[in-house]
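The structure's right below; bear with me while I get my questions together.
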Amino acid sequence: MSTLLAVDGLDVTFDRHRVLADLSLHVQAGEILGIIGETGSGKTTLARAVVGLSPVRAGRITFEGTDLTALRGKARRAWRRAGQVQYVFQDPLRALDPQHTVARIVAEGLVVAGTLDRAAIDARVRAALAQVGLDQSLAARLPGQISGGQRQRVLLARAVALQPRLLLCDEPVSALDASNRNHVLRLLADLRDRSGVTVVVISHDLSSLAGIADRVAVLYGGRLVEQGPIGRVLSEPRHPYTALLTASAPSVRREHPIPARALRPAPDHRPVAAFGPDACSYASRCPFATQACVTAPSTAGSEWSVACHHADAWRSRLAVGAMSTRRTA
Amino acid sequence: MTTLLSRPAPVAVAKPDPAPPKRRSRRWIGTLATPVVVFVFSSLLTFGLGALSPSNPAAAVLGETATPADIARMNHEFGLDRPLPVQYVDWLFSALRGDLGRSYFTTIPVADSIFAALPVDLALAGLAILLAVLIGGAAGIGAALRQGGRLDRTVTAVASALGTLPPFVLGIGLIIIFSVLLKALPAGGYVPLENGLGQWLRFAILPALALSLDIAASIARQLRTSLVGQLGENYVTGAVVRGLGTRRVLFGHALRNAIGPALTVLGIGVPMILGGAVVTEKIFNLPGLAQLALQASGQHDVPLIQGTLLVTVTVVLICNTLVNIAVLRLTPQGKR
Amino acid sequence: MSAVLRVDNLHVSVGGGSGTSSAGAAAAREAVRDVSFTIGRGESVGLVGESGSGKTLTCRAVLGVLPPGVAVTGGGIHLGGGSSGADVELTGLDRRGWDAVRGNRLAAVFQDPASYLNPSLTVGRQLAEQLRLKRRLPRNQTRAAAVELLAAMGLRRATAVYDQYPHELSGGMLQRALIAIAVAGEPELLVADEATTALDAAVQAEVLDLLRQLREERGLALLLVSHDLAVVAEVCDRVAVFYAGEIVEQGPTADVIANPRHPYTEALLRVASLGDWRRRDLEVIPGRPPEPGAMPVGCRFAARCAHATDTCATPVALSTVDDRQVRCHRAATLELVGA
Amino acid sequence: MSTLTAVRLPSARLALSVLAVVTFLAVAGGTVAPHDPLLQDPDLALRGPSLIHPFGTDYLGRDVFSRLLAGTGTTVVAALESVGVGLALGVLPGLASLWLGRTVEWVLLRAVDAVMTLPFIVFAIAVTGILGNGLSQAMVAIGVLFAPLFFRVTRAAGLSLTRAHYVEAAELFGASRWRILRTHVWGKVVPTVAVTAAQATGGALLAVSSLTFLGIGVQPPAPTWGGVLASELGFLSQQPWAPVIPAALIMVAVAALNALADAIRPGGAA
């Protein structure tokens, strides 16, 4: 597999607030990569940086050798019109013009690109709607006249219509119920399987993400804390934050191997040191942090990497009594 | 690690360090500093208007027989031969010291004429604002509480009708009703406040009412809209579910947030009241600032016109700042 | 076990009376039909179902805050007598009666906590108001009591939080503050309507832990409404599964999950979060629930059900077997797969 | 489109008919008048309505009906003039404040604040006092004061758009500024500005009548609605009913504009 998108040493700063710090992440052609992390961890900023919507202060984003951060003016417009990378916005209601019909919305990118005639565009729009499982009768509706799940799929159809090579989906399922969530995620898996599109999905539902993704990247406080094959990372997390996330995921039947409370700081938790902006981003919240954590840990490993000074040691410091299951019923 | 063995309460680990009072203080600075900047802009506008004047004041005052030398001498006397920026700075700083120049015609200091007339306007505007708040506030709250009911429809209809009425018709209507038909109040004239509140009120109430109704209608409409909006907010549902009781939910919670936009309307209404005062003063024959402006306008008396404009603007700015401070105190979270 | 809340054959209808343009006065639609459940003292019951299934309207009916144009059209909601008061029938309570019940015996938290606090008052002031009103604390004691309560909800720096405005706090902190306000009047029942839905996973787990802790420490009964079966499974003793305005299955959570008796419950379990990190085919429930105006006479799930037969077109009642209630003609014969 | 469907409302239809009549009179007013609006006849002064003079005569014996017809043009043109000035000075700076960077934004906002402190009538008096007493001067002054209204409305509509993700999405497709303006921005800003313009026209009608009442802007013999009203008000004791006709005319026109504004307001009539 070859690298399709390479993010190296990315720094993004808003109003002197560092949202992404020295972030490096490679996306392989044809894979589905999941990105997880809490609100404010920088997931959305990362995706927006790739398409040029975040102010990049340092670092490079290259797509098959093209440095996207260097694109300006005419060159950037030409690159965008080629439609190789598509960003799917999080909130369908805000990302769809309320005065435009579904057909017009899906066609917009093709119309702007200007390479196809009307008939060809119409055919592409019909194909895109079919691809995301939307009935053709919806084409004449306005966004306000269709359901939330359908709006989400219209967003997807708009991106798919351009036949992109990389699809960045920002929380495409957060507003949907379980069945619709699975439906949309399945569409992404189908897209990859049938058209070979590389997909990056930001999601907070670990279980369903694990169902379709190959790899996962975990963000905390603007830094990449762990990344690797999703099944292994989630079942044997090497970073305490990843462990907390998996332990916190609600489930209908699982007995958690480590209870979430064992991974949270105690109520009277005091950070062991003053953790500045160059410290490990998780240190002030980490129950296993030590003096060593005042410097940001380097990322170790290639296929499965983790950024933690105590990646191999923190499990041994879990108290034995805390290892019991937490369901008390 | 014994702490892991005990059963800790779940802990909220949230934003690093809370309490950003910085933003709040920044809003205060903005509220207090903006009027100063705006005053400078307004004074530029006022001064610029005078500079745009096509007629040469000296020529106008001296009449047809004046020689160019006479005009030049007079221009020099008034300082009109200096570069405009110098004139502006000089004019502004004199104005700040209370020196607004002299009338071209009467040579009476402009400040003296204005400060003789200003108390009439201030008293009248004050009363009008009070009436507007009382009438508009009561009507707006009543309409919002009886949304869709008879009171609501009446308030909406009256408020819309008032908005279509030329302001002077209202004043004359009041004179016809209260002075001509009921013979209860004087049709015009003025006694200063020093002669006693009752006496003053007899003369001031009708013009103040005429001035206030338009603003009262705007306040009622705005208050109704924003209160209805607030009553639909989740926090109101939350307060209801907490069992706080209707009165507390309305006055303690919803009204507090609804009042901001209504106060803003009042802030915008202050210039309307001062502008409307011109018409009202003419109808009720009051010796106010507007009469002075009207007279100055007729005579093209530039310093007097500039003076009235600047003083009016200053009064408006002070009122607006007071309104902004009130809004800031009521809704410390800022614009949502 | 005495019941804290008993909902009997509740019917809730939308429209009729002050309806909108399209729907005439006669076209009142039933959004909740024949819903019954009880909550015992200190018990936690979950209502689960997709959006529009009637779970939220049921809980709003319990709280007496149905949206305009929506009304209870049948059945009763009974607040059980206990230490703190007499039996109360909530439907048909007047304003004064509600004010005495809400906050004192019945409290609620919702989704989007930021919107449920007055944005222009500090968190502490809103909590203090509740303590003064509902626990009759004198003014000079409310601050200390409020800070203590905030700390008990697991809020760090409770003293600082007291003086902060809602927009200065994170979602998780706000939900804790709202829970503090809710329990300030020491109610018997807390209604949590999608209270953790919008929170980050780690924060959601913390808040669910807090709810569990409040049950243990204060004997608080819990009515938890969620679209996420996994969340209900984490917290609730019993679960009621809603579909298209009806309860289709009700019983002890562990039982229902291990041995679902209604095909819809089985379908929900198939799409729910399993705590499984393996690559797999994600399942969906095909079709869509019936439109509120066009409910079938028979089983409402039949059109989407893999097990449906001709009998399913006839009306189906809720049948009780052991401590399980199921609304399915074929409940006795079907072999369904649990999780 | 919501703007078109709104016109089917009965209130909007009525408002449009009223405005159509006013427009017709504004264009044709003088020629359809039965009498010379300036013709004085002292013998006929202050007469009540009759077949020949349907609205009676004024204190100089002039036909009130003809004067109102002939005055329509002046009044309407004056009102539109001020709204035009307000639109020109408000809409473009409103958009500019969003696109041209923080310094421009700051200066424009403060300038708007400054203009907003000026009372309409006082400013109009000052302008006519300094620049000469003409209706154009007065209406330009009123128009300048309308500018902040249009500025704020345009800016608010635009502000919500700069935050709309569909505008960002269009940018990501490589759409040009102009295309985005045409396909996404125009359709949202225009209705809002139209509503404001309708309301401002009503406000301008009232301002013109106030100014004429004060004798500002219009030289005496020329007829306007406000002028007719003002002159009738001087003879209340003889003809108490007379001011009702011009006042009603003004009110109906303003009400029609407000009703129209309500009907085309985005989100429907309240």
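The letters A, B, C and D name the chains in turn, as written, and every chain counts its residues from 1.
Basically, a residue touches a chain if its C-beta (ideal position, glycine included) is under 8 Å from a C-beta of that chain, and two chains touch if they have at least 3 such contacts.
Since we're looking at a predicted model, the values are computed, not measured.
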Given chain C and chain D, the chains that contact each of them: A, B
Steps in the shortest chain-to-chain touch route ending at chain C and beginning at chain B: 1
Interface with more contacting C-beta pairs, comparing A-D to B-D: B-D
Approximate Å spacing (C-alpha centroids) for the pair chain A, chain B: 52
Chain B and chain D: spacing of chain centres that average the CA atoms, whole Å: 23
Chain A-chain C separation of Cα centroids, rounded to whole Å: 31
Numbers and ranges of chain A residues touching at least 2 other chains: 261, 264, 267
Multi-partner residues of chain D (each touching 2 or more other chains): none
Touching two or more other chains - residue numbers and ranges from chain C: 154, 156, 203, 205-206, 209
Residues of chain B that touch chain C when the two form their complex: 9-15, 18-20, 233-235, 237-246, 248, 252-253, 256-257, 330-333, 336
Contact set on chain A toward chain C in their complex: 38-39, 177-183, 185-186, 189, 204-208, 210-212, 230-231, 234-235, 244-254, 256, 260-261, 264, 267, 327-329
Chain A partner contacts - residues on chain D that touch it in the complex: 1, 164-166, 168-176, 179, 183-184, 187-188
For the chain D and chain B complex, residues of the former touching the latter: 110-111, 113-123, 125-133, 202, 206, 209-210, 213-214, 216, 226, 229-230, 233, 236, 240, 243, 247, 250-252, 254-255, 258, 270
Residue ranges of chain B in contact with chain D within the complex: 34, 37-39, 41-42, 44-46, 49-50, 52-54, 160-161, 163-169, 172, 176, 180, 225, 268, 271-272, 274-276, 278-279, 282, 290, 293-294, 296-302, 305-306, 308-309, 312-313, 316-317, 320
